[in-house]
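Listed below are the structures to be examined.
Next, two complexes with subunit A in common: one pairs it with subunit B, the other with subunit C.
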Partner chain A sequence: MNMLECTKLTKQYGSLTALDEMDLTLESGKIVGLLGPNGSGKTTLIKIANRLLQPSSGELKIAGEVPNEHTKAIVSYLPDRTYLPEWMKIGELLEFYQDFFEDFDMARAQELLKDLAIPSDRPMKKMSKGTKDKVQLILTMSRRAKVYLLDEPIAGVDPAARDYILRTIIANYEPDALVLISTHLIADVESVLDEAVFLRQGKVILHESIDSIRERTGESVDAYFREVFAC
Partner chain B sequence: MKWEFENGRPIYLQMITMLKESIANGTYPPGSRMPSVRDFAIEAGVNPNTVQKAFAELERDGLLHTERTNGRNVTEDQAVLHRLRSSLAEESIDEMLRRLKKLGMNTKEIEELVADRADKNDALEGRPAEGTGEESK
Partner chain C sequence: MLGKLIKYDLKAGQRYFVPTYSVMLVLAAVIGISSRFDRNAAGNTNYIFVISTMLFGLLIMAAVILTIYLLVDRFYHNLLGNEGYLMFALPVNTATHILAKIITSLLWMLLGCAMVLLSGLIIAALAMTMDNWYEIMKMIPYIFSRYQFNGDAFMQVVQVLLVGCITVVMGVTRIYASIAAGHLWSGHRILGAALAFIGLTILEVIVATTFDPAGFNTSGVLPLCLYQLVWIVLYGIFTWYVLDRHLNLD
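Presenting the complex of A and B:
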């Protein structure tokens, strides 16, 4: 089933074209890497999918609908920055998520948080950046969503945290969901992906399975990416 | 277990090879139950669909079989396991022959050298003080 479909999707910021008549179809049950250098349109695409931005022209559909309250109920979004209120405590965050999202699995979130051993009365502002990132990820992955949109989940983390993040994603996404992971750290995510989408200047220049890229080029996707985007 | 993959080959093919070796050497003993696809994916840090693909291939080869009630088990068929060991051994030998032929050696030279090394390695393994087993690999 097509979970995310872009047709001639275009986004302009003044004279800058962030997305340029992009066509892209992503199916359920896949973990897809949205790969491209800075400024290639990754975050713009994800923001449109979350209705945080409106397209200039063309359209993007989630499970057949343009982003609206129904699609928000099935899309679990991890932004590329901390967005949770600093004063909130873990326990309050869990209730917050439960109030907002019908598909939130409280038991799963509590189980995952238990592994991090954070006291439930500690507010966000008393946590390290790394812990905040993990809490955000846990909240995102504890929803039984149809689409997970993860914007740069492993940017700026140490190798142990990166492994924790990738394993948490694999362990908790719904098998029939679409997981879209945007990153420029391809070597780190390559083994968890089904497919890669290469973005350049707001266009899809490649959409292929990881196995097929490796077989066709005799290289890792990371090495191939460096070749394609060599300056 | 640490899973490392080399560049340029599909990951599921590398996973099939690693799993075959693990079954051949008894890491997964005959009749034992395999982890679920998801658990395996988490442990190896790979995509669950990749694991599924590798398991399916091993099922086609008769190395694993799925029972409705009991999950996925390693075969207990000794003939199948024997064939697996033989075919893995043949692959290693073929690889070695390719490399030695590239060095300009002929079959007779290779045979003599292999016999000679085998003797030396056996001797090393037999020596209690220094024989760590490292040299025999």
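Presenting the complex of A and C:
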């Protein structure tokens, strides 16, 4: 089933074109890497999918609908920044997610937090940046969503934390869901991807399965990416 | 969803309002009790009474500033700051977000009024001697004989409350529309919001003087409420338009 469909999707910021008549179709049950250098349009695409931005022209549909409150109920989104209220305690955040998202699995979230030994009465502001990132990931992956949009989940974290984040994603996503991971750190995510989408200046220049890329080029996706985007 | 949004907005404010109003009620009790000693200690300045009264006045001002600060801050940071990435990812439409913020702001204003009123009652109750109580008890039958507490009096109280609430909501929506206007700027958004607020305030004055030289205050409660409702709807639609169609979080 087509979970995310872009048709001539364009976004302009003044004279700058972030997305340029992009056509892209992603199916459920796949882990897709949205790969491209900084400024290639990855975050803009994910923001439009969450209705945090409106396209200048063209359209993006999630499960057949333009982003709205119904699609938000099935999309689990991890932004590329710290976004949880600093004053809230972990326990209050769990309650918040349970209140607003019907697909939130409280038991799963509690289990993951227990693994990290994070007490539920500690407010966000008392945590390190690394712990906040992990809490955000746990909340995002504890939803039984149809679409997971993960914007740069491993950027700016140490290698051990990267492993934890990828393990958590793989162990917790719903098998019939679409998982879209945006990143420019290809080597780290390559092993978990089914498909790769290469973005350059707001256009899709490649959409292919990982196996097919390896077979066709005889290289890893990381090596091929470096070749395609060589400066 | 509206109720849930209001619940978390109230929780966010609770951290500030519970200590503020707790201190206010304690100070009211101190004023009430110390005022009794003021009467007895002839010639000596009652420092406890003077200082607690000054602090009480300052606290009321602080509570007013805190309320206005929070209603601005909760809108600006919770919806248009980093927290906006969470709030706008919730399965809630934009109008519900705005409505929740307006209702929460109104509840905070009403809470402030209720706390000042309660403080006044505490001061009065503790300050009065048995003689004062006796005098008041004697006056009650007189008041009842003088004024008819019928449906009209009740309606007047309702009207005052209604006009008060609508005026507050109009002020709140003007602030939200100003912040939304500032959001249309790519940078210096706070400056944009401040300029928009000044501009909208001037616009309101121009409209009021152009179309209603006599002032709606003189023409009764209903026209005044309708006039203010028109502004609220216009401000609400503009805020919705910006947040729904031109949202661009940093």
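By definition in this document, the second predicted complex is superposed on the first by the 231 of 231 C-alpha atoms of A that agree within 3 Å, B and C clash if a C-alpha of one lies under 4 Å from a C-alpha of the other, contacts with A are read in each partner's own complex, and residues count from 1 in each chain.
The criterion applied here is as follows: a contact is a pair of C-beta atoms (placed from the backbone, for glycine too) under 8 Å apart; a residue touches a chain by one contact, two chains touch by 3 or more.
Values in this document were obtained by computation on a predicted structure and should not be read as measured data.
Undergrad: For the overlay on subunit A, clash or fit between subunit B and subunit C?
TA: fit
Undergrad: Who does A:D211 touch here: subunit B (first), subunit C (second), both, or neither?
TA: A:D211 sits against subunit B, while subunit C stays out of touch.
Undergrad: What is the contact status of A:N68 with respect to subunit B (first) and subunit C (second): first, second, both, or neither?
TA: second
Undergrad: Pick one for A:D163: touches subunit B only (first), subunit C only (second), both, or neither.
TA: After superposition on chain A, A:D163 lies in contact with subunit B alone.
Undergrad: For A:P175, select first, second, both or neither according to whether it touches subunit B, subunit C, the two together, or no partner.
TA: Only subunit B; A:P175 stays clear of subunit C.
Undergrad: If we overlay the two complexes on their shared chain A, which of subunit B and subunit C does A:V135 touch? Say first, second, both or neither.
TA: So A:V135 meets neither subunit B nor subunit C here.
Undergrad: Could you look at A:R81 and tell me whether it touches subunit B, subunit C, both or neither (first, second, both, neither)?
TA: second
Undergrad: Calculate the angle at subunit A, using C-alpha centres, between the directions toward subunit B and subunit C; round to the nearest 10 degrees.
TA: It works out to roughly 150 degrees.
Undergrad: Does subunit B (first) or subunit C (second) touch A:S220, or do both, or does neither?
TA: First partner only.
Undergrad: I want to verify one number: the closest Cα approach of subunit B to subunit C after the superposition, in Å.
TA: Scanning every C-alpha pair, the shortest subunit B to subunit C distance is 27 Å.
Undergrad: Can you list the residues of subunit A that meet both subunit B and subunit C?
TA: Touching subunit B in the first complex and subunit C in the second, no residue of subunit A appears in both lists.
Undergrad: Contact residues on subunit C for subunit A in the complex?
TA: Residue list for subunit C touching subunit A: 1, 4, 7-8, 11-12, 15, 78, 82-86, 88-93, 186, 245-249.
Undergrad: Tell me, which parts of subunit A touch subunit C in their complex?
TA: 13-14, 47, 50-54, 68-70, 72-73, 75, 77, 79, 81-85, 87, 92, 96, 99-101
Undergrad: Help me check something: in the complex, which residues belonging to subunit A touch subunit B?
TA: 29-31, 163, 166-167, 170-171, 175, 191-194, 210-212, 214-215, 217-220, 222-223
Undergrad: Spell out the part of subunit B that touches subunit A in their complex, as residue ranges.
TA: By the definition above, subunit B touches subunit A via 3, 5, 7-13, 38, 41-42, 44-50.
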